[in-house]
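Beneath this line is the structure, given in structure tokens, with notes to follow.
Per-chain residue numbering starts at 1, and chain names A, B, C and D are given in the order in which the chains are listed.
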Amino acid sequence: MAEVVLMPQLGESVTEGTIGQWLKKVGDEVEKYESLLEVMTDKVNAEVPAPVGGIVSKILVEEGQTVEVGTPICEIAGAEEEVESGTSSLQEGSQARPSSESKPSPAATGTEQVQQATRGGESETSEQGDSLRGRYSPAVRRLASENHINPDTITGTGAKGRVTRQDILKAVSEHRQGASEETRSVSAEPQAQPTKPSASAPSVSAAEMPVLQGAPAVIDPEDEIVPLASVRKVIAERMVRSKTTVPHAWLMMEVDVSGLVALRDRVKDEFKAKEGVSLTYVPFMLRAVVQALKAVPEMNVQWNGDSIVMKKRINIGMASATDRGLVVPVIKNADEKSIVGLAKASQDLVRRARTGRLTMDDLTGGTFTVDNTGAIGTVLTYPIINAPEVGIITMESIVKRPVVVQDMVAIRSMMNICISFDHRAVDGAEAGKFVRLVKENLEAIGPSTSIY
Amino acid sequence: MAKVKLTPELLKEIYYYMALSRALDDRMWILNRQGRAPVVYSANGHEATQVGAAMALNRGEDWIVPYYRDLAMVIAYGETPREVMLHLLGRADDPNSGGRQMPAHWGLKRRHIMTTGSVVATQDVHAAGLALASKVLKDGRVSLASFGEGSTSQGEFHEALNFASVHKLPVIFLNENNGYAISVPARKQMAIMDVAARAQGYGIPGVIVDGNDPIKVYEVTQEAAERARRGEGPTLIEAKTYRFVPHSSDDDDRAYRSREEVAEWKKRDPVITFEKRLIDEKVMTQDELKAMQQRIKDEVNDATDFAEKAPLPDPSTLGRYVYAE
Amino acid sequence: MAVMSYLEAIRETLRQELRRDSRIIIYGEDVGVRGGVFRVTEGLQKEFGEDRVIDSPLAEAAIVGTAIGAAINGLRPIPEIQFADFIFPAINQIVEEAARIRYRSNGEFGVPLVIRAPFGGGVHGALYHSQSVEAFFAHVPGLKVVIPGTPYDAKGLLASAVEDEDPVLYFEHKAAYRSLKGEVPEERYLIPIGKADLKRSGKDVSIITYGLMVSYALKAAETLEKEGISVEILDLRSIRPLDVEMILDTARKTGKVLVVHEDNLTGGVGGEISALIAEHALFDLDAPIRRLAGPDVPAMPYSPPLEHAFMITSDKITEAARDLAKF
Amino acid sequence: MAQRELLSGLPVDWQKLKTMYYYMVLSRKLDERMWILNRQGKASFVISCQGQEGAQVGVALAMDPSVDWITPYYRDLAVVLVFGMTPREVMLGFLAKRDDPSSGGRQMPAHYGHRAKHIMTGSSPVTTQVAHAAGLALTMKLRGLPGIAASFLGEGSTSQGEFHESLNFAAVHKLPLIVVVENNGYAISVPQIHQMAVVNVADKASGYGIPGVVVQGSDPLAVYEATMAARERALRGEGPTLIEAKTYRYTPHSSDDDDKTYRSRGELMREKADDPIVVFRNWLMTQKQWDDQQENTLLKKVREVVDDATDYAEQAPYPDPSTLMDHVYYSPRA
């Protein structure tokens, strides 16, 4: 029977050893406790004695090679007599654990026992009643309530039949599909009882979303009634809440972006070829906003009732229209990105927004919002703040206009920028300073500004 | 640094700080007994040791790491009576701690007075550290830690002396031995007569000096400072002195000291004996003395009024200076 | 970019810092001629001399206390405590002094110093060479506590700790020293103290952890991915201050949080994280927050079966995360 | 019958001197076996007494284990053997087996403790044990118990505040305590010159008003004599004594250390010339109290004892993982 010799661990934190020299060759006889080889580690250099006596039958790792602790390094054949000749109980002991007695593997010590012993160190999530049906986590309760779903009607896939958050989210998306089918059926039969859809809306909604209660619509027979999709409801609820609870203040500045326009014209083709995405004005606006937020951190905050939360990160939300409604995907850590990075991130988000591939993560965590209303041709907008953020800034259409430059009339590319801000959290001075900085940042861009 | 001659001006300055400290000290007790200052720790009796040591240093440049009894030392080192009173009354402009610490927890960066805590003997190690930096930076500074004899029982006293002696750091350990750690007499604190005997265990000089004689303290401190600046390492100075008042305004020393013992020591009150000496040796005339005493009285009155009128800290500053701002 | 072990990353950063700033000194027991008992400071005394890499007497209170004095007099000391287990004689100097000095002096005095100490178990170090002590210090305002989990973070966090104006405890896991390897850029860079790092993105379960456990958790995540469970891993990197925002972000994202640390369960960092999530993200939780931590025994035992029973392993993490995913 | 002679004023019991020699050899051989087991990968950690056996045996044999207590440090294998810990018990601790009397496999090797044998449990942070010994001695004084306490430490430990605090406390209260510094010149890699600015640790005694004695650790008789005197002084109520035994360690600090980085081989060889075992054996031989035959018999016996201890401990069971949570707090012993 050959005894396999393993690389020993020579010192705390040591994970490997290098064979310095074999003091015995294949075929040499070695006594138990006699030096077998030299091992070098970065903590110690040591002679390793033989664990048993016998003939060195195989050398598995050559001199100079480095192997991990526990790697077989040689074999010793014909272990000496005394190993075999103990009492039977001793023999049992020595055979049960051949050569690495001091380091039993986890398996050898019995996982069951280990778990028993460590259980005291864990919170015991598994100590629950037989069925978890009817017991809902806070997340499930919230999602069910927001989406007007009765969780009792959902099949739970969690432990002991529990309805999980994912179960609810799945039901929500199914529900939504159902809702749009319902829309079609309503429009197909305009003569159907006009009040039916609103009557079928869950009764809880009125109590939970008083914000939706306004003057009742006047419904004429030829009108089509489209039930609210949940996204629409959420948008409505947020807009009402923001507009009714946040004291919006507003101001506008005009920006001479002639330099920016020249720069973009100069590099856009090359950019598209090199980076694979189009270079729009958006990333420049984003960078100008980010720089201004850094300089005026009072704008990168959230209103928190009795306090103001100064946000460490700068995460810019970009209001984007999709066919499902308005969404505001967020560019995280926008302050760490270059123009190129911003261009890629913003276009990626827009693309995913339009294809419905945004994740929860994409939609949360914003600290300030930029709205490219100019894309639809506006020159002046009064945006609604995406609370609890305290500001939203728009970039309006770029138009060529005659302006006075150094007492002469010149034709310049002009753009308006408008901001709504939460006057509880910020005053006109900061907001004005902020917008002025955005303006200055944009105006500082010239045809030769680096975009990298 | 060349040895400074004991000019009449220097002697007068020494007296001025001793007397000013005593007058401030007395005023602080009055404010305490009037309920206007919550607690007082006194230098009363230690003035000669403290002023003698402070004057021997390059004041405002060398570091001192005082303990709570060192009122006379810190004013000799440049903390003003107004600042002392702002500290006592916990005012916003207290330069020692902005009203955060108890009174007598000195610390004045402008004058190189290190901030101090309440746990005794921590400052010994800090002084060794300040000196370590001076050795590395070769800035020529000396550090001085002062402490009572009770705190020499702490491990940090030992660690500081050992560390400083191994690395020959420019530091002076000044023990103001007044015989009592609150109520515990020195014989229950250590099995030796003199704290200075401990120096032998570190291979450094241990010097005993009459702590009621500012000139002697001045001389041994100056010698220790020169030794330190020469790179020869630390010195342990033991100044034998006495405190005339209880440990603090919260203490009653009648429980542990006889009135006779206190009276015996008071015969050697350093302020009175030094004043007499200046007159006897004609360093000062009676008129000059009176003028100086009037000036001190005015300064103490001014400091009290100033501090009492000074604003208390704004509660909104509670969370400040936990980290760098 | 060079591939370095965790230990080499620390050593090379110390070297870079010593070269960059002549005010930096290193001292502690055996850090000089011997180059530290773990060889972290190997070669530094030879390069920078005995004035800047100092073998101190065997006295922890003196090591930290003198570092405080030296810092105030203009140096940037990086004292080493040979094992975190031996930091307790210095706790008076760390907690009562270093942490309080700025506050007690109303901002006048500050103590820029970095206390390095190897910690953690699984290396047959037994009760006094295996301890995790971070929770003691994380409780103390005025201190900062960082624990890198990768060689890259080890460098950036150490450089930030050196630049910090306040006392920073920099804990290095012994078992990570030679077992963790990774790419480390040559140039100096800073990883902000207080900023966590998303080491892996996932959607089913969040594991919040730090130090050596990060790599164990990553291994667990790979195993679970094959089972169709998607695990997100947040490496805290700083224990004080905590990155509350990222903790809440990941909790909100998955709704299921497993906090892992080797330090004892009760009063550990996991409790604080759980409380933060319960306070601020209750309505996103889909399962009870679960803590996998060292059991409440005074310290890690020596004998292999006992040590294994104590130590958090990647298998234990896998099991706990799987349970949570299935909840 | 023991033969009695007078040696430098000390009445000598030859049987006791042979006992002294036996324990020196036993601890050396046991220690050597531990290194072998470590290098074989069977034990993860060794910390040695080699080179310090003379000092250790000299002190321990001058004490009375039936009434005295000791707080040893990790190098004190010979001390604990003299105090009654058996080689099997030592090996059980070394291999972290269930029946290890020191800690049931919880602590690293060489963290000795044995209540029945008056060996106080110790930890790894150095110098805490000196305060414990002062506490043991305080109890003896307050309760009028007959024994004394002895604490052992290296010279590096004297830098710790607890060394100072303990000696000061014991001196003020005149406690029956002996503090034995086994000065081997190195605290791991840090030489004495970087540890203290004095030549003799014993010089520190004057700061506490107690005697400080320097003895040559390679001379167990000198150590024995100094300890006897200190013990008698302690029993008379005159307070503690600081004994400094000048020794050297022949191994690295531990199996995790490599001393080649900080000590020259030349220095080590010079020191080994003063090996307490060799010196003492040669002296016994010149006194005609020892010969080669006795030596061979002794070595054979020691080898048997060491083999037996090794085999016994190797086959002994490990602790059950389910006992991990035991003894965090008090529970009545079964």
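Operating definition for what follows: a contact is a pair of C-beta atoms (placed from the backbone, for glycine too) under 8 Å apart; a residue touches a chain by one contact, two chains touch by 3 or more.
According to UniProt, the chain labels map to these proteins: C = Alpha-ketoacid dehydrogenase subunit beta; D = 2-oxoisovalerate dehydrogenase subunit alpha.
What you see is a predicted model, and the numbers here were worked out from it, not measured in a lab.
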Show me the overlap between the contact partners of chain A and those of chain D. C
Name the chain whose C-alpha centroid is farthest from the C-alpha centroid of chain B. A
Tell me, please, which two chains come out on top when C-beta pairs in contact are counted per chain pair. B-C
Using Cα averages as centroids, what's the distance between chain A and chain C in whole Å? 24
Whole-Å distance, C-alpha centre of chain C to that of chain D, is 37
Could you state the distance in Å from the CA-based centre of chain B to that of chain D? 46
Please report how many Å separate the Cα centroid of chain B from that of chain C, as a whole number. 41
Which chain C residues sit where two or more other chains touch them? 56-57, 59, 61-62, 89, 124-125, 129, 295-296, 304-305, 308-310
Please set out, as single numbers or ranges, the residues of chain B touching at least two other chains. 155-156, 159, 162-163, 166
What are the residue numbers in chain A that touch two or more other chains? 9, 12, 43, 102-104, 109, 113-114, 117-118, 120
Chain pairs that touch, by label, are A-C, A-D, B-C, B-D, C-D
Contact footprint of chain C on chain B as seen in their complex: 63, 65, 94-101, 105, 107-109, 114-115, 117, 119, 122, 124-137, 139, 141, 143, 155-156, 159-160, 162-163, 166-167, 320-325
Residues of chain A touching chain D in their complex? 6-12, 33, 43-51, 86, 90, 93-94, 99-104, 109-110, 113-114, 116-118, 120
Could you please specify the touching residues of chain D with respect to chain C in the complex? 44-45, 96-98, 100, 103-109, 111, 123-126, 156-157, 159-162, 187-190, 194-196, 256-257, 261-262, 318-321, 323-325, 328
How about chain D: which of its residues touch chain A in the complex? 33, 36, 38-45, 95-96, 252, 255-258, 260, 311, 314-315, 318, 320-325
Quick check: in the complex, which residue numbers of chain C touch chain A? 7, 38-39, 118, 123-125, 129, 174-175, 177-179, 195, 204, 245, 249, 252-253, 255, 264-265, 282-296, 304-305, 308-310, 313, 315-316, 320, 323-324, 326-327
